[in-house]
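Quick notes on the structure that follows.
Naming follows writing order (A, B, C, D, E and F), and every chain is counted from residue 1.
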Amino acid sequence: MPYVNIKITREGGTTAEQKAELIDGVTTLLARVLGKNPTTTVVVIDEVDLDNWGIGGLPVEAFRQQQRGGGK
Amino acid sequence: MPYVNIKITREGGTTAEQKAELIDGVTTLLARVLGKNPTTTVVVIDEVDLDNWGIGGLPVEAFRQQQRGGGK
Amino acid sequence: MPYVNIKITREGGTTAEQKAELIDGVTTLLARVLGKNPTTTVVVIDEVDLDNWGIGGLPVEAFRQQQRGGGK
Amino acid sequence: MPYVNIKITREGGTTAEQKAELIDGVTTLLARVLGKNPTTTVVVIDEVDLDNWGIGGLPVEAFRQQQRGGGK
Amino acid sequence: MPYVNIKITREGGTTAEQKAELIDGVTTLLARVLGKNPTTTVVVIDEVDLDNWGIGGLPVEAFRQQQRGGGK
Amino acid sequence: MPYVNIKITREGGTTAEQKAELIDGVTTLLARVLGKNPTTTVVVIDEVDLDNWGIGGLPVEAFRQQQRGGGK
């Protein structure tokens, strides 16, 4: 009965299909590695506005500019 | 001085009155069971889009269809 | 299928019975107010060391001393 | 590599500049006090609707009315 | 730069190797499905005492007894 | 009435004084930047075992070895 919270930045193109793939993937991972019961595994995805996410002391967009094209 | 976070799926009809009832109910519960001071009890309710909530390896709507009309 | 996280300070005497009462109480509250299904309601209680909990800009024990005997 | 989550009530005027100042401030604090590496310090700010935030057993606006002009 | 929090019940035998497998698995999943940069993906695993985890209105051990040998 | 959760790796030497400095620092920051009331600002610090913290797809100690002496 694990609980998983995935926080990602809200980018334009995250689709319902991709979210379903995350839910399935992490539930399967917990079943495979720890034998956790998929039926009671809960996954919650939070999409966070770019202004509200900081790394390296900067909002994420400023951080990316500083990194010149770094990853998502 | 407890902190309580309640995450629920965002369904159409959750009203401000219902949220107030949750806030009051959980604060009262902590005061009754553990003697916690209501004045410094904080409650935060997160409403999560259905696409972003998974259970049983599926997004919640697909899970409900699979369960044939299971609960909220 | 709500998820509830209750954070409380770790005081000497929180018993398994009190925790069970919190779990039952909050699950019942969500069923009564919002019709949420108890079967898939998950509750996680975190007990936090006093040094690790701050309020009013102070660790909780210093805050309580300042308040001269305020509540838990 | 700390992770910091700041939850505040969603009031009209929180600007991107203020959020950047929070991100910078908390990252600097962790570097100064604990020597944590700013490069891998992550900060996530959640803005919570007033209806969804409770204190003292009341939604925050009712609590503020009760306190007659208390702080944010 | 996702942040993932995995909460599981603290059972006797969760090894460092299994935790490493969870960290690797969820990081790889986010890179594959959403193109997220593994370098800045943070994963935090919380192991929660059985008394502190509730489902179906019961502490997890009482719930399992009720379910007669249900999953972890 | 903000709520702040600070998660750090559990290293040997985090003292109560350092935690008090974090609590004071973040509470002061929120008062200065957003005018938040210190009296109702709650800070919770979680110290996470090294095995339970991942970055870059690795547990933090393996990540640090890979980075050859990178920061905390």
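Quick notes
One rule holds for everything that comes next: a contact is a pair of C-beta atoms (placed from the backbone, for glycine too) under 8 Å apart; a residue touches a chain by one contact, two chains touch by 3 or more.
Here the structure is a predicted model, which means the values were calculated and not measured.
In summary, the chains found to touch both chain B and chain F are C, D. Taking the mean of C-alpha positions as each chain's centre, the chain lying farthest from the centre of chain A is C.
Note: the chain lying farthest from chain E is D, by mean C-alpha position.
Under half of the residue numbers found at the chain C and chain F interface occur in both copies, marking it as a different-residue contact. Two chain pairs, C-E and D-F, are compared here, and D-F has more C-beta pairs in contact (counted per touch definition above). Centre to centre, using the average C-alpha position, chain D and chain E are separated by 27 Å. Chain A and chain D have centres, each the mean of its CA atoms, that are 21 Å apart. Along chain D, residues 1, 3, 7, 22, 39-40, 42, 44, 53, 55 each make contact with two or more other chains.
Contact topology of the protein chains: irregular, matching none of line, ring, star or complete. On chain D, the positions that touch chain B within their shared complex are 7, 48, 51-59, 62.
Those residues of chain A that touch chain B in the complex are listed here as 16, 19-20, 22-24, 27-28, 38-47.
Interface residues of chain C facing chain A in the complex, by the touch rule stated above, are 1, 3, 40, 42, 44.
Interface residues of chain A, counted against chain E in their complex, comprise 1-9, 14, 18, 21-22, 25-26, 29-30, 33-37, 39-40, 53, 55, 60, 70-72.
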